[in-house]
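First subunit A sits with subunit B, and in the next complex the same chain sits with subunit C.
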Partner chain A sequence: MGRFWSLLFLSVPILGVAVFVFAVVPGGIFANHWLPEDISQHGAVIDNLFMFILYLTGVVFVATSFLLFWFMWKYDADKNTEPVKYLHGSHTLEIIWSIIPAATLLFIAIFQMDAWADARMKYPTDKATGFKKPPLLLVTGRQFEWRMQYAGADKVIGTPDDIHLVNDLHIPVNEEIVIQIQTEDVLHSFFLPNMRIKQDVVPGMRQHIWFEAKNTGTYDIVCAELCGWGHYKMRGRLIVQTEDDFKEWMASAIAEQNKTSLNANE
Partner chain B sequence: MKQFHNNRQQEVRIASIAVLVCLVLLTACSDPAYFQFNEAYVQAVQLKPDVAKPQMRKLEKRDVELSEMQKENISTILEGAFGTPDQPRIPGGVGLGDFLSMSKLQQAAGPVERDEAHIPRGLYRQHCAHCHGVTGDGQGPTAAFLNPYPRDYRMGQFKFKMTDSNGTFKKPSKEDLKTILLEGIPGTAMPSFRVLAGTDINQMIDYVIYLAIRGEVERSLINAALELTSDEHPLLVDFNNGDKKADDLVFVGEMISSVVIQWVGPNKTGNVQRTIAAAPDNWNSPESVKIGRTLFFQGKANCFSCHGQTAIGDGQKNLYDNWTLELLGLDPSSSDAATGGEADVADISLESQLYFYNEHLSGIGALKPRAISPRNLRLGNFRGGRRPIDIYQRITSGIQGTPMPGNTKLTEAETWGLVAYVLSLPYEASSRPQSAPAFQRDRN
Partner chain C sequence: MNTATVDDGHGHAGTMSLKLFISTYVFSKDHKMIGMQFLFTTLLWFIVGGLLAMGIRWQLAFPWTDMPIIGGRLFSAEGGQISPEFYTTLFTMHATVMIFFVIIPILAGAFGNFLIPLMIGADDMAFPTLNMLSYWFMWPAFICIGISFLTPPYGAGGGWTSYPPLSSVLTAAPGSEMAQTWWLIGVTLVGIASMLGSVNYLTTIIQMRAPGMTMFRLPMTIWSMFITAILQAFALPVLTAGGVMQVLDRLLGTGFFIPEGLVVNNSEMLSGGGQPLLWQHLFWFYSHPAVYIMILPAMGMVSDMLSCFARKPIFGYKPMVYAISGIAGLGFIVWGHHMFVSGMNPMLGMTFMVSTMMIALPSAVKVFNWLGTIWAGKIQFTTPMLFSLSFISMFIIGGLSGIFMAATPVDIFIHDTYYIVAHFHYVLFCGTAMAVFGAIYFWFPKMFGRSMNETAGKWHFFLTFVFMNGTFYLMHILGAVGFPRRLADPYHYETFKQLLPMNRFITWCAFGMFLSQAFFAINFFYSIFKGPRVGRNPWRANGLEWFCPSPPVAHGNFDKQPIVYRGPYEYGSPEVDEDYYPQTQPPPEGVSVGNAAESGGDH
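So, the complex of A and B:
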């Protein structure tokens, strides 16, 4: 019976690693289960950090799992008749297994500092003016949708020329975008999977996120914080356009919002 | 002792397996979906409030009452004409052929699943039913938690639309319903469904119209059945009497047609949005806003009487929409009730109004009535849309089913002045209280 349990525990690292391998290999049963396509300028840094931590924890996971298996196999009660020996703990070993993880965590904390600073602290400046870049729009989360309020021509949010849209975020490609986010009701999390952007939207706080898209196309906006019964339907679409297309779209959105005639022949 | 222990463990094991099996069976064997009978409406038309003593709200029973047999008969007729939630049917010979598409209805109806081509089915139950209910009665499982309540389609009244409010063809066009699905209704629980495919949206639109027509036909049938009660043949359609059945079905067909015609319009393909001539160039000039502000407080436009002196919607507290009026035992079709009901409703507190609901409706699942508040115009939440033409349409055509009337007395310039004023309200200094001290480093 003891051998059975040790083999069962051996299957944990094997299946665990297999799941990751299947997810990475294109096609197959777990296709599209790896990271979504990265279309952001800074996303590679985030992905590399993720991969680094995955490899590190992966090695530890496999090593400890095999050790567990090996001890169970070797000291199986059915095969060993020797009485159990009691050993007092080893001071040296305890120091080693405290210092190694502590040093590793400290290394990760320092190693990721630049990524964190770029994503959260180095607010972009407008190259033309040298001032802080004004947000392109305000995104307001509410149960269960994302409402967009573009700053409009005057680049100030909260003025009559703002453009109001819902679940529909258009941005120009190859340009650093600043978005102000807030919530109208409960905690949400504004998540652009393809942009490697995820920021909790906390009631009472206005926060800023910034990113630059590399590719044009249509991508997802989702809510990544359980916010109520309709959380699953709190989805929007992110449309990355060329600068010309974006300007054209913006002009049409302005025209639509200022519509003062319907079906009239002009 | 050990024996006993083992037995206990075995019992627990068997019991847990039995519970699991039961759960699986329960989920697998749920009843097929059915349309719920409109009991609330039966109560509303069977019982009339005592007009002489409105404060008491004592209800006199009419001398007629719908029998169980008649209710069953109505359900049979409806199922024959409209099918079931799993197998919808478009009644033939009533002019719906060019308006609703059977394939769209089938795709929107039924349980949530994907067909062989991996195309989603059961869209209505996936996206709409948890608020609006399988029957479209606005009483889905989440409905009670929402304010305002989800719309009950069965009355056939829709608030936000661009169709002509005068005349027969004021039901919303498909384009109007599409706008609501794409934009949602700000300030309510109705979200935007913009991420869904256009085909999905169109399927849900057809299904909502189908439910609205079915619900309105059901109401007509209930009315007609009540008229018949004193007759020798109390059934609307006598399915056992060959000769009479054919005549009866023609009668029902006419009844359905009279509902359908309001939806399909004169050209049988649906109502069209109205024409709004282009606004004068200076419609949002400061002078125009000034005209609007003056009108807001004058009897001609009379906005302030409901929306309040400061436009925050505190002018009237005891207004009810048509859906609520019915639950309070009042007739929403009487113009008095619909336009604010000065004489009928205004002096009566909601508590005494609730008498009818508590006595006759609370047991059959109707949601507890609430007063409707006039909109706070300073929030910048415009439920029917924030385009100038949206506000223009609300002012000139009102909002169906609510005390908001359409104003036909205003000139073009005056109306556009009001539009400009209403659109400027959220940006007035008094609408934007000083923001709280920044507790997060201000990055701008």
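So, the complex of A and C:
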């Protein structure tokens, strides 16, 4: 039976790698079963880091799993006629297999620091003026919707002429934008899978996220932090438009806004 | 608990008085009986936790579909479907039951209690009454969590992490009313039970070792229980404090975790000035070390089984001890990796990232040493050995997938997705639960004096191994797509709607895995009564527990005083003809291996 069990354990790395290969190679039986389309400028860094760690751990996974199989196969008590090696360890080996993983892990740790700093610490500045970029809009999570608040004609958020939308986030393509996010009630998490953005929103805190879209289209906004019974349906739409389309949309939204207030005065 | 079938060693089971029955089987102060009580209780809860998981899998495979046969009875108000409210309760309770009522108490409570005195050669624990209390403090916790689950309209639904304000504001969700208060009290009581246990384990291991049993002659099981007890003793008070603070927020109007002016569901909070992130820090300050509380004892038991069935000394005993100490030490400074996207200062995230990367190192060292242990041995493919080997194989996957989420930029994408779910199930189910199954097969002869059926055990292993990989491995792929956790219906998102067939496959595997446990349950109960009787040392192992009768003497464990001459891993020693060399066997004439009481190991 030792043979059978060894082969069962050999199937782990073989099938394990096969599943990932089927998922990574496009058009296979697992179509669209991999990292979703990346429409952000910074996302490639994250995806490349993911793939780099995948290859690295993949090699370790295959190597150690194969060793496990090989030892099971070779040292099966029913087949192995050699006496066991009466041995309590090896200092040399311990040092080798401590230093190599330590160096590798430290390398990964240092290698990724810039990506993290770009994503979370380096607040974008306006190239022309050198000042911090003002947020394009304020996104507020509440049970169970996302409320969008654009500055409107006066370019200041929090004034009566602000444009309010629910669950629809319009942004221009090819422009680095800043969004201020907050929550009105419990924790939510603002997750844009295609933009490689995820940030929890915490009551009592206002935070900023920044990104630049490189494709136009409509994508999902997902809530990724449990926020109550309707958590699953807290879905928004990210609508990335060309600069002209975005300006046109903004102008029509402002016009709509003015019309409504005019009607209210009548 | 009724374990009256176990012979208590007095030979008067038939004529036992009620008082004796209660002191022997109910309020017992004997570590073996307490261990048994923990074992039976946690196995029952294992079934409950498994059923809850089946409910989750049903919803993810067949969302908003009437559950056949049982659905009408369970969810008559929803026409036989799982409602989104109940779905939040399902995953909250699945995690709560599995973590607090199964994994932690089965490792520390069942195996810790049963094995520590036997393996160090002690008569009992240092504090038998405290030990009894550590079990009986679990019962108020069971009752509180039970009430929470049954409190209408739904049980607690704040997730096992219970993040405020969802969990601390009563109007935040249907499950955030009294159910959440009961849940918090229950979890706090579990913490108290564990703390009582940990103090006892530390004292016992330090003070009550048999003559000659130096620290570096302790089996890895005991070392891991020792380190685990340290983690519990130092980390648990923080969770207890946090739990009490959240209960106060809910009942007395304090505002530890509630910010100023919060309005939830149209009701304004009167209290304020708190910080929701404070809870996350307190919670993970315990719950990250708790991850190691849930794996280290499994690692220790696996090390012992591997050495025994490879018939070879363990490879790198001291490096293994240093590795688990390293995991425990670093384990205290990595909790922030649960909070990379929580809103915590990103600078802190950088620090936690580095410490988290480094904690992978001792884990890697342990894997290499296990491989070194089976290398050039004579491997006996017994059921406990198969489970131990699968622990290594699965822990490799679970350990490596952890590196992805330690990398902060990658974690932005995979945080709160099924990538995380895959990772911790590989560590906790495919790792710890498999080690626990192996340990049950391994020490069952010592517990009951009979052995379990090997053929049924191997079927149990084979089916569980195949189905659990079918269940959990594909979750990595779901996670790579960004498939979020805790969503009752993820398929209305464009990004995730193609994942339904894969989820169906996972669900069928999960059902298969659940049903495969019948092989274990039947084998376990059948063998208690009808299994073949065995002698003291059926596996030809070296540890002290195999020196005493099977089952051990009711009072005092040992019929002869054990004296320890060497470490527990002297398999294949050239000094003796047999392929094992028990710790208690005096050295043959003319061979000098040092005085029994001398300190230091033999290697």
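The definition used in the following text is that the second predicted complex is superposed on the first by the 247 of 266 C-alpha atoms of A that agree within 3 Å, B and C clash if a C-alpha of one lies under 4 Å from a C-alpha of the other, contacts with A are read in each partner's own complex, and residues count from 1 in each chain.
Quick note on the criterion: a contact is a pair of C-beta atoms (placed from the backbone, for glycine too) under 8 Å apart; a residue touches a chain by one contact, two chains touch by 3 or more.
These numbers come from a predicted model, not from an experiment.
> Just subunit B (first), just subunit C (second), both, or neither: which does A:F144 touch?
Touch status of A:F144: first partner only.
> With both structures fitted on chain A, tell me whether subunit B or subunit C touches more of subunit A's residues.
So, of the two partners, C touches more residues of subunit A.
> Does subunit B (first) or subunit C (second) touch A:H208, or do both, or does neither?
first
> Of the partners subunit B and subunit C, which touch A:S65 in the superposed model: first, second, both, neither?
second
> Taking the superposition on A as described, I'd like to know which of subunit B and subunit C A:G236 touches: first, second, both or neither.
After superposing on A, A:G236 lies in contact with subunit B but is clear of subunit C.
> Classify the contacts of A:F191 with the two partner chains as first (subunit B alone), second (subunit C alone), both, or neither.
Once the two structures are laid over each other on A, A:F191 reaches subunit C alone.
> Can A:L7 be said to touch subunit B (first), subunit C (second), both, or neither?
neither
> First (subunit B), second (subunit C), both or neither: which does A:R120 touch?
A:R120 contacts subunit C only, not subunit B.
> Look at A:I53 in the shared chain and tell me whether it touches subunit B only, subunit C only, both, or neither; answer first, second, both or neither.
Only subunit C; A:I53 stays clear of subunit B.
> Mind working out whether A:P134 is in touch with subunit B, subunit C, both or neither, as first, second, both or neither?
first
> Can you pull the subunit A residues that subunit B and subunit C both touch?
Residues 143, 205, 207, 229-230, 233, 235, which sit in both footprints.
> Hey, which residues of subunit B end up touching subunit A in the complex?
Residue list for subunit B touching subunit A: 127, 130, 142, 162, 182-184, 186, 189, 191-192, 194-195, 272-279, 283, 386-389, 392, 416, 423-424, 427, 432, 439-440, 443-444.
> Hey, which residues of subunit A end up touching subunit B in the complex?
Touch residues, subunit A against subunit B: 123, 132, 134-135, 143-145, 147, 158-160, 164, 166-168, 205-208, 229-230, 233-237, 256-264, 266.
> Going by the contact rule at the top, pick out the subunit A residues touching subunit C in the complex.
So the residues of subunit A touching subunit C come out as 1-2, 5, 8-9, 12, 15-16, 19-20, 23, 30-36, 45-46, 49-50, 53-54, 56-57, 60-61, 64-65, 67-68, 71-72, 75-77, 80, 82-90, 93-94, 97-98, 101-102, 105-106, 108-109, 112-113, 115-117, 119-121, 143, 184-187, 189, 191, 193-194, 196-205, 207, 219-220, 222-233, 235.
> Can you tell me which positions in subunit C touch subunit A when the two form their complex?
84-85, 87-88, 157-159, 163, 165-166, 169, 172-176, 258-260, 262-265, 275-277, 310-319, 341-343, 346-347, 349-350, 353-354, 357-358, 360-361, 364-365, 367-369, 371-372, 374-381, 386, 389-390, 392-393, 396-397, 400-401, 403-404, 407-410, 412-417, 458, 462, 465, 469, 473-474, 476-477, 480-482, 484, 486-490, 492-495, 498-499, 502, 569, 571-574, 579, 603
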